[in-house]
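Heads up, the next two complexes both have chain A, just with different partners, chain B and then chain C.
Entry: the complex of A and B
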């Protein structure tokens, strides 16, 4: 029994310390799992200041500024999000809390400070624009891995290229999407969505990656709607991981009293 | 006092007007950023002007239902142990032909222990689960602002309170103490017309209601409490309130003025995800202490109130909601007997349905919405179609209608039917 534990933990240590695993040894499931953890579960918790610049077809810009706090209840499992809006003025001090579940719809709350109102929001459609940008709710909090069938179509020097097909095509607007996952960091560097006619219509791309607290992190990305001609640039600043966020930060108490971690 | 506040506002306004001159050269630093950098104070605000007109002739009211210019300033300062906040409006009102100051927030927030938050000062408070229906939320409202097309934020009035919140494990307990009763802003005839039962018809500026308000600090206090807890996805709360009817629901026969009778409210609510949407249930018992079991005709009788609602995303960027609301008079037989001859007797049950439809368009920059109250038992209703369009991040254009109807003049919505109006507003936020 003891021996088994030692072997298991040795194996675990080897697994965790092996920096690069050869493609042949990684299954599609391994790749997608590691990509999911790298992009949505970095550290046990974290914070970032986010600026989104939305450019419409006529070149007009609108800006959204918010702070996002995240805490993982378990790696790859349930998560808590706290989004505190700073700009524009009509949403200033609004707070959006999400309790992300894997087995049921997420719980979402929105706090409207001018009315001191805590509104609960139906969270059935995750493929809706997030704050009017080209990012969707699902881009922010992650898409369930088992919602798609994954297929490794190509392995290059730098990327694993995965084609993903939805299991429930009626629930989404795409017919499939292709992910370019960086072999070193497992961060998805590019995602191209095909519409129901197989035509490219949406691209999400990481433009810059930096390492914070030892964790490679996308710091600049864009989402482009190729049909509408609109795009959103997202910039992430003041990134910190493992800051010791308590679970109660993600409750009604902190809607009315934003925690220290969201202030400038 | 008023002139001094004006003076402060005016000085800040002048400062603000001067500021962009230098601010324009460096676009990366906004005025608010500079204020923050220099003094550690967050500064925000807006200027807003809106105009509305009555769409139904009312011989007793002006044709203009809304005409105003408003400046709101908000200042926040965070200290290590506490947070100080100020938010106030100055308002030039063309309908009432006067200037006004509305302090929306002037409060201090601190946490004496891990499990306790205290907020004291003047602020807006809200709780309960209804969508534009309030059962256990006994905090002051301003229905007049709501009916003439001011921003939704003005439906809630600020009041002077001490709020203590305790977080004990799974439970949260909020206690709100109001040392002096304030009451809601009600339709008095000054700006909007209403049905006066003694006159037996719709009246307005020819018969402005006069009230006698409780005015003794501490003895005319209000206390409200809520105990809440989450059971998985279900949020459950218990409520209690001791104070007064928020609108003048009583009458003093000696001077003919309306009064605010004593009231206790006990209630409960639950809110949960259901069928891909959000479902809410709320109930309350309005114990009108001076009603003498319905035998006192000068005081509104005790009532049970019940609400059930459901809201769901109907399609992308489109949300719909429905609610059912019931008011049931307690000791109805006594009430029926007690009502003086010639006055209208209310039904034992008042049923009301509401529906909401909200649609976001143009990358969520255009919001179209409609909210409808309809009572099949009173045969009356109130509809609020609205649009708001964000021209840029700073400029917002909005407008809509407030449409009242009723078969009879004396029902809840029917009494306002001469106030049907349309309005437009524009706001610049900074």
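Entry: the complex of A and C
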């Protein structure tokens, strides 16, 4: 997998140094790589206050409020996440740490303060719900781009439309998904998942994009389960990039006592 | 009577027009039948605005619950039951297949794929080594080896939500629960599953399909087949019997025409007025038919006897109608009143049933007095030449079986009246004892015969699993929140004790609390304000100030208890209470299995601590419960939680699985819960409310039993008043009520004595008894009094009574009791019940009339005939 990383970073370098490359000339791999970087690797590190509002068919709402810190070990490569929960109030101080790897399963830790328990969560299946919302773990930390075969089906004025088919269909609940990638920002603006019968059942959509520290960032997005009729609205606030996060913030040491960065 | 004369003369003068009119109206009404809307849902036994039903639907919506088709798979031959690669592969295929099912014509009727409980659609939490837990699909793909199959079994058994529900406790059988959007889709789902199963190569797996929705929907389907067979069969039987009595086919066709016209017109009216065809209303033809035939038989029977004397059809029919008009009008009115009283029950389908049978009876009466004379007039005089008895003496022939018996009955009842009265008193006494032994009970699954596949599936699956009958106990509390002042005081007490080590922070908090208490804010606003302020304090702390961080954190945690006080189902004490309630119910035996939020908390808590069995319990604080539950929500199907609790944690759903759908068993569970809650007060005052199909059945049964009793008593009184008016005497009125009273006491006594459940058809039969049994009494008393007035001597009167009038009653009794025996061969139990009881009711009320009334008249003759004269 080292080769992969070299290729990725080379690609990155190429992309950075050739900003005027014409869209038409981009290959599918270029598009998917740039989209991956734009949505998951903005800056070297960053923080955001996230509010998730889960609404069910009966209109009942549940809220999750957390701070998310991220540090890239290398662009397009390994990453570290630190999620500190503020709401619901009885899960306050709950912490979730992810060490994202490309060549093996991620490492995940969960700290449950009321049980004073640090738990490693096996990450063999990342398509489970993120704390009961319509977002999956894979939506939060990103799906490995080599997990799917990508195919450019359409190029519109605004979007590259990519159809993605899983290489290991048995491991996921979808048969394929389609990405609408913004040509200017390379942010995926809409993702529609088809179930095994080819029916749309899940949509993730970016509703608002703002620029922070020169980086276009999704600030409002939704994930909708078309069959259950539930949806989750995620709002991102206090977004900062390149704040100089240290790697040791993302270790068990900070599970019980969150780092200063989560507080503001 | 002027009206009577006009009506009969009209049909005698214009028989063709009369017949044409009748046929035309029947055809017009009959065309309405095509608009039929079938309703097989016993839920509709309750009116739509009934609280129980509203709450049931609200609960289904609130907890996202659906009616469920249960598919059980049992393998008795393989050593590990169904937990072998081959069986699991089939189960996987079936589950996948079920998830695709929907009605092509009505897409809103479908299987709810995401809520299927099947090995490939449930998560398992398991230890993944090195202190890790993982959520994964229990059986993503069917296993290749026996070892893998057994692993799936063990994981399912270790999950309290699946053990006894999806996997049998002995680990040998498996059940898939297929939720459907609408109950009336159940039969189709079951049919499709059976087709799929038929495509499997022969193996040792046994597949069973059950669940209340399947039973109810299948019943509806079979009900119509049943009606299409039984009703015509009954008609044929009646026809054949009449043929035996009256010999003249041409003549006995007329009651059949009346029965058919009445049934078609009544059903047309029922459907035309926008009523659905329900299990109850589907029985209307069966009830109307005997009644429609009864009057015609009276007329024919008398015509049969008199014609040869008078030798003129017009004169004969005029004389017969003169005799019979009044008793027929009254018998029809009383029968109608009996059924119309069902409108007083609070059950819509029973109301519709009662009203339309009442309408049908009056229609039958009208058709009888209009059509029978017309029909006789349409026949040529010559064709009647051999009708009835060629010689007058034949009708009263000593050799006739009926005559011999009738005369014997007549003789005993007048010569030994006290014997008969005494005997009947004893029988009544036994009947009353029987009535006290009556068990009110019903169960839609038991509407099928024991050998029906649904009954078999029901039996097999309820042996293996916790139960396929579902009831939901919704728990909530309406205890008011603590006020701001109370909350502030409690916080003061708690925090001043616990924050002794950080006096600065303690003072800050106490002064804030003192201030907050005086501000008069609602408690949640106060808490919100304090929370924000304390959160800010934490953010301002120095990075190394661990003590400060701990102190403020503790204050915030304590404050949470105030903020979350409404979220009672995160409280460990309450969850432990629910567990003891579940254990209690399990110990009582009716509940095979119950599932609650407490089960989830226990299981997740255990898995968080390396699967340690000692941790299979509720953690100590409500925050720990909350964090356990949020861990659970990291699974594939976090929303499964909301079947057991509302997202605001204020209402919990205890899902009970009962092994039997008998109402009496459900009632016992209700009582058990009631007693438990009373004797063991919960830490929070709890409201417990029931929902679920099994409970709904109990709810409408309750209404039916009390409703039927009320309607029966009121119609009894109405009929008694009518009788008093008819005979212009209270004593004669009371006499008329006697045969039906005896019949009812004996019928229901027998039901109690033989242990037959008092269910829906049995309840409805009381009205039928009232209507039919009083008919015979009216005919008998009316004729006795008229004859007595004419002859002035009781003994000769009795002799005459047991000739033609007695024969009419006896013929009626026999025709109807035997006419409905085809119902005994029906595969659906309610129809069998109706068949048996119709026969017994007719037989006994006929007997009671001919037996008890003459005996009583003999004893009382000195007083009553004097008063009558």
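Operating definition for what follows: the second predicted complex is superposed on the first by the 243 of 264 C-alpha atoms of A that agree within 3 Å, B and C clash if a C-alpha of one lies under 4 Å from a C-alpha of the other, contacts with A are read in each partner's own complex, and residues count from 1 in each chain.
Note that a residue touches a chain if its C-beta (ideal position, glycine included) is under 8 Å from a C-beta of that chain, and two chains touch if they have at least 3 such contacts.
This is a predicted model, so every value here is computed, not measured.
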Chain A superposed: clash or fit between chain B and chain C? clash
Now for A:89: first (chain B), second (chain C), both, or neither, which partner does it touch? both
On the A-aligned overlay, A:131 touches which partner chain: chain B = first, chain C = second, or both, or neither? both
Have a look at where A:257 lands relative to chain B and chain C in the superposition and call it first, second, both or neither. both
Considering only the touch criterion stated at the top, classify A:117 as touching first (chain B), second (chain C), both, or neither. both
On the A-aligned overlay, A:197 touches which partner chain: chain B = first, chain C = second, or both, or neither? second
Quick check for you: in the superposed arrangement, does A:58 touch first (chain B), second (chain C), both or neither? second
After the superposition on A, what does A:237 contact: first (chain B), second (chain C), both or neither? neither
Determine, under the contact definition given at the top, whether A:170 touches first (chain B), second (chain C), both, or neither. second
For A:246, select first, second, both or neither according to whether it touches chain B, chain C, the two together, or no partner. neither
Considering only the stretches 188-196, 548-556, 818-826 or 836-844 of chain C, report the one that runs into chain B. 548-556
Overlapping contact positions on chain A, where the chain C interface meets the chain B interface: 56, 60, 62, 88-90, 92, 114-115, 117, 120-125, 127-129, 131-132, 230, 257, 263-264
Residue numbers of chain A touching chain C in their complex, please. 56-58, 60, 62, 88-94, 110, 112-115, 117, 119-125, 127-132, 137, 170, 197, 227-228, 230, 257, 260, 263-264
Chain A touches which residues of chain C in the complex? 61-62, 64, 100, 113-114, 123, 128, 130-137, 140-141, 531, 538-539, 543, 546, 549, 553, 556-557, 560, 563-564, 567, 570, 605, 608-609, 619, 621-624, 626-628, 630-631, 633-639, 641-642, 646-648
Any idea which chain B residues touch chain A in the complex? 36, 44, 46, 78, 83, 109, 111, 117, 123-127, 151-153, 155-156, 165, 167, 172, 228, 233, 235, 271, 273, 276-278, 280, 311-313, 316-317, 319, 360, 363-365, 390, 392-394, 396, 429-430
Give the list of chain A residues in touch with chain B in this complex. 54, 56, 60, 62-63, 87-90, 92, 104-105, 107, 114-118, 120-125, 127-129, 131-132, 230, 248, 252-253, 256-257, 263-264
